[in-house]
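See the structures that follow.
Presented sequentially are two complexes of chain A, the first with chain B as partner and the second with chain C.
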Partner chain A sequence: MKFKVNQKDLYNGLNIVRQAVATSKTLPILTGVHIKAVSNNGLILKATDLELGIEYRIMADIEKEGSIVLPASQLLNIVRELPDEEIYFNLNKDKWQAEIKCLSSLFKINGYDPDEFPNLPEVNKNAEFNFPAVKLKNMIEKVIISTSSDETQPVLTGALFVIKPEEVRMISTNTYRLSYIEADMKTNIDKNVEVILPGSTLQELNSLLKEEGSAEIVIDENYVKFKFNGIVFISRLIEGEFPNYELVIPDEFNSEFYADLSRLYKAVKRASLIARLDANIIKLKAVNNMLEIDSIEGSSGYAHEEVKIEMNGNEQNINIDAGYLLDVLKVLDEEEVKFEMIGPLNPLVIKSEQDKFIYLIMPVRSQS
Partner chain B sequence: MSFSSVSGQDKAVEILKDEIKNGRISHAYLFSGQGGLGKKKLALEFAKAVFCSNKKLDSCDSCISCRKVDHSNHPDLKTIVKAEDKSAISIDQIRELKKEITYKPYESDRKIYIIEDADLMTKEAANSLLKTLEEPPEFATIILLVEDEGKLLPTIVSRCQKVKLTDVSAELIKDILLKKDLPQDKAEILSYLAEGSPGRAVKFAENESFFEKRKSIYNFIAAIDKKTTVEIFSAADQFNKLINNDFPFFYLLSNWYRDIIMFKQNYEQGVKNIDYLDLIKKSTDKYTEKNIMDKLEYIELAKKYIDSNVRKDLALEVLLFKLRQLEQK
Partner chain C sequence: MNNLHIIHADMDAFFAEVERIDNPKLEGKAVIIGGVGLGDRGVVSTASYEARKYGVHSAMPIAAAKKLCPDGIYLPARHKRYSQMSAEIFDILTKYTPLIEKISIDEAFLDIKGCERLYGKPLQIAEKIKKEVYSQTGLKISIGLSVNKFLAKLASDFDKPDGLTVVSDGDIKTFLKDLRIDSIWGVGSKFKKSLNEIGINYVKDIWPYSLTELENLFGKSGVKLYYLSRGIDERKVEVRNEIKSVSHEETFFDNVSDYSEIMAYLFKLSEKVSFRLRENNFYGKIIFVKIRYDNFSTVSRQMSFKRSFNSTDEIYKFSKKLIDDNNLVDKEIRLLGVGVSGLVDENKRQLNLFENNKKNNEKRDLDKIVDDLKRKYGFNSISKARKLFIKDKK
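== the complex of A and B ==
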């Protein structure tokens, strides 16, 4: 194997695949990046930790084909520090050692036999469709906040991905809050598909997705594959049954009110400065076109905020976790937020009409 | 390498080969036997044979799947060991296993999990494994390795198919050592000292100054009645260092007195330290049998103290003084 590649291209490519590099050393080879030089096709970079696999192709001048696995963090650190010039790679196949030259720098890195690197799994085409990247990114951002971090319930650490012939949904919940978002979409699949995407996969996907272009999505029972911007992204799915989310989302309400997003965000944020010293619980009270936000009185002090709202229906109050409210206010794109309420013991519902996004926060029962 | 590289465990190998041949690989195995018999090796060779793409009942050592196992790069083989800075296998490690085991194999038909020193699992860890051990996914096999199955919860043992590794004969150990280019005489001595464990014999053989250190211990012990208090203190210090370097001091020490008993019973062929026969012969008349039994008891006691965290130097000093005292009676 012998090739030359631009430093920027390589650094960029390594940065993309590094997200899938294994962090634990149980299988040493997985801490490496698989590099394959193909004539007329450039360099194919590949990394996997068996849960997630990423493949990305970059331009390079290939003089001799071949492949090797090199330790990812070492390689990335070296390439990062090299100047923006051509880098020359040469492989010593007997020792699986790569020689890296750039201007007056010379490195020799020991790698692994590329044959031992696991192939990325084949994904059967049970369901296959295209999806605009910007829409996908938007959906991911809105469900990622509600995924659970409790490993004892693996199902809740991910998000349910529902594909119907005319519609796509994502749902996540940690049982105290729930995100639901749907998008109209002709998917051309003949029957409904429901899979659970791991939370970590969504994080990585979110950071790699750009606002333009579209993503090709392929799903089978065990894996999901996303193809976008030259990146092939394959993730294992979480096995198990997702809770019935449709039962939880209320289909009626007694009061609704609208608030200015940025004013509300700032007010909640300030109230939470005091509230978070205890359990971060705030009390919302909607009355006479005014939303009163109080920190629940605890050992550390008290905060009171008022935000003007437009309101239909009777007076309402509810105790909720301020953090859950802030999380959703951060990802909403509209200037105005819509709330729906039934009563103090029913979930607080936040809706975004342009996105078909629904967010539930379960109330906290106050002692008083 | 293949199964043939696990010396002296023909029976265990045969059992495992039969399982592969009949397509009846069990969901859980318990490999038991003293340290150095090759439990880990056998488990790895078994995994290789199951995964190997060329041979059916054994491994070819050249196909990609065999090489992956050799370099611990096989995605469907996972080994669980206690973390270096911990004293036990934690419940988190077992939880991780339970989560991972439900996923389908990555590239082969089976997934194999090896738990080394399974007796080091905490009680909670062991209990949380029970359900998975009893009914893992149909494609998964868990292999537990343990020196003494009595140290495991009976509920664990009853869920596994037992494969017992047996002690290896002295002749075979000698052959193994000779293949490692050890001179005939040393190989012979070590093959006795290893007490059936090839791993132990090889470990002794790899310690370059093993024979020298052994000599210094035996010369001291044979003449302990004439040692001054100062000499005893400095010897204790020296032995303490040996123990810290994992040198089998107590093992050699009790073997010394054991050999004397053998000789006293006129059972010369039972003597292990055959190169010290003369010295043993000379020592024999000095002691009564009761005297030697007392000594062995003190040695065991010192070992116990050290295991329960008594300072090593103190325990050793007390032991040496006691041994001297017994001789001067």
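== the complex of A and C ==
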């Protein structure tokens, strides 16, 4: 194997695939990047921790084909520090050692036999469709916030991905709050598909997705594959049964009100400065076109805020975790937020009409 | 200015004395209280003063106690009865001040500042408490009266049993000077050894050392030592009445190594813990298990959850997971314990979107019915078949 590649291209490529590099050293070869030089096709970079796999192709002048696995963090550190010039790679196949030259720098890095590196899984085409990247990114941002960090319920650490012939949905919940978002989309699939995407996959995907272009999505029972901007992104799915979200989303309400997003966000944030010293519970009271926000009486002090609202229906009181409200206010992009309420022991519902997004927050019981 | 306002009240040989009251024949006898019906395998929880003369002390294995004091009267502990007596005594203490820090079933700190108008001078209050406890329960209590918690505790211990020791500002030096170094709170056997090595045996031996010297030698413990050795202790009497955790443990009659049997005991303990949680309207967020092996080495493990729980099933499931994940039953076990902490009041609980489904409601109803039956017909009247794996030990 022998090739030359531009420092910037290589650095950019390594940065993309590094997200799938294994962090644990159980299988040392997985802490490496698989590099394959193909004539007329450039360099194919590949990494996987067996949960997630990423493949990315970059331009390079290939003089001799071949492949090697090099330790990812070492290689990335070296390439980062090299100047923006051509880097020359040469492989010593007897020792699986790569020689790296750039201007007056010379490195020799020991790697691994590439034949021992696992192939990224083949994904059968049970469902295959295209999706605008900007929409996908928006959906992911809205559901990431509600995924659970409780490893004892793996299903809840991910998001349910529902694909219907003319509609796509994502849902996540930690059982105390829930995000639901849907998008109209002709998918051309003939049967509904429901899979659970791991939370970590959503995080990585969100950071790699750009606002333009579209993603090609392929799903089977065990894996999902996303192809976008020259990136092939394959993730294992979470097995298990996702809770029945349709049952818990209320289809009626007693009161509704609208509030200015940024005013509300700032008020809740300030009230939370006191509330978070205890359990971060705040009391919301909506009455006479005014939303009152109080920190729950605790040992640390007291905060009171008022925000003007437009309200229909009778007075409402509810106690909630301020963090759950702040999380959603951060990801909404409208100027106004819509709330719907039934009563103090029913979920607080936040809706975004332009997005078909619904967010539920379960209350904390009040002490009385 | 004399600032006597802290009382440390400590019942004398509490369990043994309660037994003596209930059975006057035990008067003047060496009485040793151990675990419940455990034969020689338990440890001494209380020894009467007569038994202490033989060298029997609490936390000593019963078998060892029997060697020292073969003619002693060995009785199983009756915790219900002791709790009842303890409640009576705390009722008396509460009359004198609301500022009570309960340390254990038979020990408490009282802050009596501001109570003088009602009950007289600090010494009179201490005397009144002693008298009232004795006349109402027949039990003797030792009291230490001083300017802070550290000195009050030392004082109550000074003239046991039935003692009343006062250490006022002016007496501090005289009182402390000849006390052994390990009477200072925080000086264990290891720390004592390193102090002895540099010639510190009595409290007065610390005095020549400066704060900086002690800090350099022993770090934070050195700083604590500096202040306590001079009778300086700023800790306040903290009123604690809320329950922090609910747990149960059991020492086995014979060591157990059979996995199914251990799980059966685990279920039994889970039942007890969850029953008590539900009785008090509590949910918990942290589960912990404790295991003592044949060689007396003890391990405990815990796991926290974002969600709160109190069902028998969940407590059993989570504690089992702790044991399985940490591989805790690889040798013979003599004690098993399960507990729940991070308690949340049912009335302040974060509600869950999915808890109102059929399966959960059925489970909750089942727990409720089982609880009712247990209350009515006794704890062992109903249980899951899993408990049948507990082998009968006559």
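Everything below uses one rule, namely that the second predicted complex is superposed on the first by the 367 of 368 C-alpha atoms of A that agree within 3 Å, B and C clash if a C-alpha of one lies under 4 Å from a C-alpha of the other, contacts with A are read in each partner's own complex, and residues count from 1 in each chain.
In this section, a contact is a pair of C-beta atoms (placed from the backbone, for glycine too) under 8 Å apart; a residue touches a chain by one contact, two chains touch by 3 or more.
Because the structure is a prediction, the values reported are computed rather than measured.
K.L.:
Please determine, from the superposition on chain A, whether chain B and chain C clash or fit.
P.N.:
On the superposed model, which is not a single observed complex, chain B and chain C clash.
K.L.:
By the touch definition at the top of the document, which applies to A:220: first (chain B), second (chain C), both, or neither?
P.N.:
A:220 contacts neither chain B nor chain C.
K.L.:
Is A:243 touching anything from chain B or chain C once the two structures are fitted on A? First, second, both or neither.
P.N.:
The second partner, chain C, only.
K.L.:
Look at A:178 in the shared chain and tell me whether it touches chain B only, chain C only, both, or neither; answer first, second, both or neither.
P.N.:
The answer is second: A:178 touches chain C but not chain B.
K.L.:
Contact-wise, after the overlay, does A:340 reach chain B, chain C, both or neither (first, second, both, neither)?
P.N.:
Neither partner.
K.L.:
Just checking: does A:321 make contact with chain B only, chain C only, both, or neither of them? Give me first, second, both or neither.
P.N.:
second
K.L.:
Counting residues of chain A touched by each partner, does chain B or chain C come out ahead?
P.N.:
Of chain B and chain C, the partner in contact with more residues of chain A is C.
K.L.:
Using the superposition on A, tell me which residues of chain A are in contact with chain B and, in the other complex, with chain C.
P.N.:
Shared contact residues on chain A: 152.
K.L.:
Spell out the part of chain A that touches chain B in their complex, as residue ranges.
P.N.:
Those in contact with chain B are residues 26-30, 50, 112-113, 115-119, 121, 151-152, 154, 222, 236, 239.
K.L.:
Applying the document's contact rule, which stretches of chain B touch chain A when the two form their complex?
P.N.:
64, 67-68, 71-75, 78-79, 95, 99, 102-104, 106-107
K.L.:
If you look only at chain A, which of its residues touch chain C in the complex?
P.N.:
Touch residues, chain A against chain C: 148-150, 152, 173-178, 243-244, 247-248, 321, 345, 347, 360, 362-368.
K.L.:
What part of chain C is in contact with chain A in the complex they form?
P.N.:
On the chain C side, the touching residues are 305-307, 318, 321, 345-355, 357.
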